[in-house]
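Take a look at these structures.
Common to both upcoming complexes is chain A, partnered first by chain B, then by chain C.
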Partner chain A sequence: MELKPGFLSKNPSVLVFLLVLALFTLGVTLMSEAYGSGAISTSFVKTLGKTLCLCLIAIAMDLIWGYTGILSLGHFAFFGLGGYMIGMWLMYARTRDIVLGSLTGLPPTPQEINDAVATQIFGVVGTSELPAIWSFAGSLPAQLALVVLVPGLLALIFGWLAFRSRVTGVYLSILTQAMTLALSLYLFQNESGLRGNNGLSGLQNIPGLTADQDHLSVWFLWGSAAALALGYLLAAFVTSGKFGSVMRGIRDDEARVRFLGYSVETYKLFIFTLTAVIAAIAGALYYPQAGIINPGEMAPIASIYLAVWVAIGGRGRLYGAVVGAAFVSLVSTWFTGGRAPDLNLGFYTVKWVDWWQVLLGLSFVLVTLFAPKGLAGLVDMVQGLRPPKRGGAPLGPDDGSLQEREANE
Partner chain B sequence: MSGTSTLLEVSGISVTFDGFRAINNLSFNIGAAELRAIIGPNGAGKTTFMDIVTGKTRPDEGSVLWGEMSRNLLKMNESQIARIGIGRKFQRPTVFEDQSVSDNLMMALKAARGPWRVLVWRPKEEDHARVAALAEQVGLGDQLARKSGELSHGQKQWLEIGMLLAQEPKLLLVDEPAAGMTLAEREQTTALLVELAKTRAVVVVEHDMEFVRRLDCKVTVLHEGSVLAEGSLDHVTANPKVIEVYLGR
Partner chain C sequence: MAVCLALPAFAQDSVAPTVDNSPEAAQVLPETGLAAILGKHAEAIAKPSRRTIGPVIEEIGAAGEGAPEFLEAWADKRVGQRASDGRFFLIEKVADGYRLTDPATGADAGTAAKSDISELRPNSGVRGVIASALVASQLNDPDPARRQTALDSLARDGAAEHLEPLRASIEAESDPALRERKERLEGLLTLRFDADPAARIAAIERFSGDLGLDVRAALNPIVTTTRRAFAGSPEGNVAAVLRPGRQITAEEAYTLLVAQDLAPARLTRADLRAALQANLQDGQVGGYALEELDTPAARDAAYTALEQAGIVPAAATDDEVTALVAEHSFADIYTEPNADVTSAARRALDAIETKVGVMQAADLGLDALSLASIYFLAAIGLAITFGVMGVINMAHGEFITMGAYTGYVVQLLIPDYTVSILVALPLAFAITFAAGVTMERLVIRFLYKRPLETLLATFGISIALQQIFKNIFGTQARPLTSPAWLDGAWVLNDVVSISYIRIAIFVLALIFLGVFLFIMKRTRLGLEVRAVTQNPSMAASMGINPDRINMLTFGLGSGIAGVAGVAIGLFAKVTSELGSDYIVQSFMTVVVGGVGNIWGTLAGAGLIGTLQKGIEWLNPSNTLAAQTYMILFIIAFIQFRPRGIIALKGRAAGD
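Let's turn to the complex of A and B:
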């Protein structure tokens, strides 16, 4: 990634974002149980760290949907796959440590260790064979590579098939949903080799590290914040130049982009795969904080939620996606965690655990109809109160909005 | 056509849409530096002809060959055809309304088109200068930072012509460029097209006879998907068949 010296000054929103993120991370650290006052519980630090990962996948969603106009309803599949890939190492290496610790007498052969680990991990699904896909599970570098390679390759193959035959619009969205569903159903089976509906668990323990959860949670928060910062920078870089122009061109009129000589299908495949990899990295950071992953996480509905977050935050601008994901997922945690007070209407008591989904769906519809720019549109309103800059600065990546077209027709 | 080499050779193409023959055994040649006007009544197949040459529509039969190597355009897709040097201006102005005039021109500017190259490409001094010069040439010199969606209809036409020039194509296909332009703008457009045709091939579709007369070039008359007459404007307008189907109405 080549960043010119003028990059940040030309994209002031990036600088603001990085500053806010740094202050947030510092603030949480200073209030954590491990490094500060303890005002924020370790479990909430984890929630915040996970939220940062969701913000990262929201950026990926914004790139593919907000900027390129491809409504993928499958990016949580890549997120989940990234989680599974790191989860395999976490589970294998930790089980191996336990097995080694419990053995006495003669030093065991590698085969004996392997068998003991397999029995431990796969006892729940009634086998003691280590499936072939676990061949690299003992190696952290290998599984880290697979975090990128497996989802990247899946996106590449799926995207190649879909874009080559010029599937677009609703049909593409349905196809991505079908992919997600198929993958999640496959993982539900014990034969998938990933423990079926049990999923992978105990992921919060990092093999080789003796630090407690109080410290680990803060380290993961830092890692997630760093990944989000890098993801944001990358996304700002990708969308700022001519590549960003081509992306928005594809969104608004892909036939015209073709007649300019750009191979639209290649671009779509490139962006689809890139965003799948970003999603996978976000997932690989998320699940060690969640501690458990199972195929339910990759259910089609998760990817639909992702679209809702980005829509509510404001698609077509990066900070919109981040704000949407952070806001909606935190509010959702609050409502579904049973902490929101019930609303007594006299004749009926609204229990938010049940009604939150309805509220979310309603907000989505309202935002789509009345505030298509989402929460990020509020930033425009604030800026509109200042005297407008006439004669115009060059359009940055954050001006991509679908509305102008309609307004001008 | 002796003397000049043929740049585009279309022979015997036909296209049927749901049983309706929009193009019927059409043949058409143009030289490397030639200006040609195509006229014909509504629905004659002028736009469909351009769709075929640019790869948007596949003909049922016939061949489309390009350049000295006689490369088969029917085997290429739209973006490949654009990259070998065929540029197109649409009947309705199609610019990227959400992006600035300068972004539109920058995207069209002749440069590598692959994603990796485009990703790391950043405009250099000369690219900015080229964009400014192009904008100047099409009368948008002071509009570079404006969103192109805010431009007038005529200005969008001009911007699209500017984008076409930025691509530096060997063959320009221009569909009704003068629609929505004022008289002065039309004259400017004719002058530009005549100038361009000195170094490359230009095909202009136009309804306006005055406009075609000012182009002062060979004219091809299309009717019901095939060539009805070809020659100078005076020659074809004297043709009784042409008078009957087109001018007489």
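Let's turn to the complex of A and C:
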């Protein structure tokens, strides 16, 4: 990626963001149990690493929703698919190592290894045959390619079908939600070949690595931070040039962009597929840290939460999405983890484990109503930016597109 | 001859009034009492043979009091003969011998030592004769209830020997219902057991097209087949010749040969491995190094080497298997030897299956209809808020849940189920109407210009409401019980049935449709709603208050969701997630049907219901798959009709 002169000056947030991210990663490393003082427990390092992955998918969501105006409720499906693809290799390779360690006597034939691995993995759903979709599970490069290819192809086909027939707005949202539901229902079946509702487990152990979880968690944090940094740069690059202008144009008035001669469908399809791939990569980094993946993670509600994070953080700016995802998911962890002190109202004690969802839901309503810019709006306030008041009647054609009160300012 | 000598003493104990006490008289007078008959035929009873026992059993069967019990006990090997006097007793094993019961009177006759009693053990032939005599006596019993019981047991496990007594009893049957049942059973037994093939075929043809499960149960054993291998051409009543590689795989064919001892067993991979493992010496097996043995070919070679050395038994190689399979022929053979009977049974079964298929289609249609009405109920409120007003209300599912919980709370307060449902329906409407109006006033009216954000805001309300339900009602399912008159099902025949509760839901859906149409087309409110949705500012300039109308419309849609919640709660589990299970389907119903048109919603619900049931029928074990494929179908459907089945045209379409 060759940076044109002016890339950084056009995106002042990039440098700040990268600096903050680097400092954060360094700080966590120095406080981790493996490489530093041990002030941060390994499980919290994992939580932070997972949060970085969520920030990455939030960037993808911001690209597709905040910049292009397509409220996709399906990106968590791509996230999950990415996780499943890497999970297949993790589970297969680890089981193969265990099987090889336990066999004695004759050296096993490839068929025997396959059968033993299949029995180990699929015994829980009552079969002992390796489904065809596991053909490449033994090879890391193949599965890494599938992390990108499977969600990418799904997004490409789905997006082509949806955009071609000009499904827009809320219809598209419902359609993507339906796609997510179909996918998660499909994966819930034992016949789908991905262990049904048991999902894939034991993913936190990386085959071939002898490092303990303390070190692994920090390595994954680094990996996630690097992916987030790259993702942020890519997103900043995509949104800053002419391409970004077209994206925003599609968001604000699709028909006008079409009449200007741009192929709106191609732009949408490209951005839909690109964000799906980013989401899949985020998922592939997330689930080895979570250790387990099951179809419940891909339920439509997860994708709606994703939209919630981006909206709370602030749509249409990249750092907004990151801040929103990090803020909401960390606060959520704090509240649901039982660490938040109970609120005693005298007549009723509010236990946050029970009431956090209510608080989240209501604050989401409030943000939508009163702070459409989300948390990132605070940055504008600090910088003294505020939108013109677009009240009053539109002026005549001679006075441009300003509204009455706007012109008076 | 101890038995003959004991006879007089036996007769003296008899309670039969017509039997004289003297032995001479016992020979002369007509025998009617059971004790007398037993005495007369003591030797035949003690050592029965199938050919000669018939008349004796007939006589016992006609003896009246105690006879059926005695025959039953005899067939069950619960009759013993006392060595001391040759008398027969019903015996029951106790700790150190037998407890005796007099067969004629049923009176307790004390106990006897083990050595004193010899148990009667009739062979199976004799037991068959006894059973048929027993059936005859029960079938002719004066008590209709006992005849009914006898028929029940015949229907359960009738056998060849029951045929004659059953036929004989039909003439004398006075009860028309029992007579009809006897004739049906006679037909069923005839087609299975009659000696004359022509009679069986006639019976089979009589039942052609009969939907009863009993007919299928009787016909199926006739057409059961066994798969067998033959050295020459297939023998017996051949159902189908199986050619290896076509109707049967070579692998299966060989397994069949092995099972019939026509070929040696094949070496399984596990056996091969075990054999090699057992002959491992100095890191070598049959001259092959251990490390080499990680391919099937190398292992085969090693085994062949062992075979040649005579260490392991010879196993069939692939060539031998192919040759053996080619030498033999394979066929499915009917267990029933008569070809005419089997083909008649096959034809009858085919006719029945066709008819069952038609009936199943009807049943499926009913199922689809009821599922469609459930979807319609869930979606009709949405058709108003989303379809008419264009507001995406993600909390719609929670309004359904709210209605269901209202029903639950009302049932806690009013124990009578019928009354509580009648109270719950309007109350649920009122509560969700109020909730809807509140939500519209506080949140939605600020977002009419930003439909996507309505989606997000109402989603926030949805998760908040869901958690509040959880906090109040807990996570476990709450019961919402339907009144007793809704229990049970309307059964048309063995195949087609529908539960009353589903009929009630169908009726409720129809009522909703009617109410909706009435409000929209015949009332002032409906007129104003249509005006506001078409053009708010024009409607406002005509003196309509759009704010008020929007509020009422939203309240109406929410209220209907509440009523639907009560109905759905009657058959689904009432949990805080009840509504969210329906929300995606409801949206799809509205979208597929076509936004802004109630007929579209109806069509959408019909399409989705039929589709889901249709796919479930193709793969009945898997409702998850059915839902998956249904959603995929809908995504594809949207490609061809992006605006739904019934699309608004022109200005009403709004773009």
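Quick notes
Just so it is clear, the second predicted complex is superposed on the first by the 380 of 409 C-alpha atoms of A that agree within 3 Å, B and C clash if a C-alpha of one lies under 4 Å from a C-alpha of the other, contacts with A are read in each partner's own complex, and residues count from 1 in each chain.
We adopt the following convention: a contact is a pair of C-beta atoms (placed from the backbone, for glycine too) under 8 Å apart; a residue touches a chain by one contact, two chains touch by 3 or more.
Keep in mind that this is a model prediction, so the values were computed, not measured.
By the document's definition of touching, neither partner reaches A:Q383: not chain B, not chain C.
Of the two partner chains placed around the shared chain by superposition, chain B is the only one that A:R258 touches, whereas chain C remains out of contact.
Legend: residue contacts after superposition of the two complexes on their common chain; A:V246 is shown touching chain B, with no touch to chain C. Put simply, more of the residues of chain A are touched by C, taking chain B and chain C as the two choices. In the superposition on chain A, A:F270 makes contact with chain B only, not with chain C.
In the complex of the two chains, the chain B residues touching chain A come out as 54, 56, 77-80, 82-83, 87-88, 90, 94, 96-100, 102-103, 106-108, 113-115, 118-123, 145-147, 149-150, 163, 167. Those residues of chain C lying in contact with chain A across their complex are 269, 273, 276-277, 280, 285, 290-291, 293-296, 299, 392, 394, 443, 446-447, 451-453, 455-457, 459-468, 470-471, 580, 584, 587-588, 591, 622, 624-625, 627-628, 631-632, 634-636, 638-640, 642. Chain A makes touch with chain B in their complex at residues 2, 4, 238, 241-243, 245-246, 248-249, 252-253, 255-256, 258-264, 266-267, 270, 391-395, 399-402, 404-405, 407-408.
Touching chain C in their complex are the following residues of chain A: 71, 105-112, 158, 161-162, 164-167, 169-171, 173-175, 177-179, 181-182, 185-186, 188-189, 191, 300-301, 304, 307-308, 311, 354-358, 360-365, 368-369, 372.
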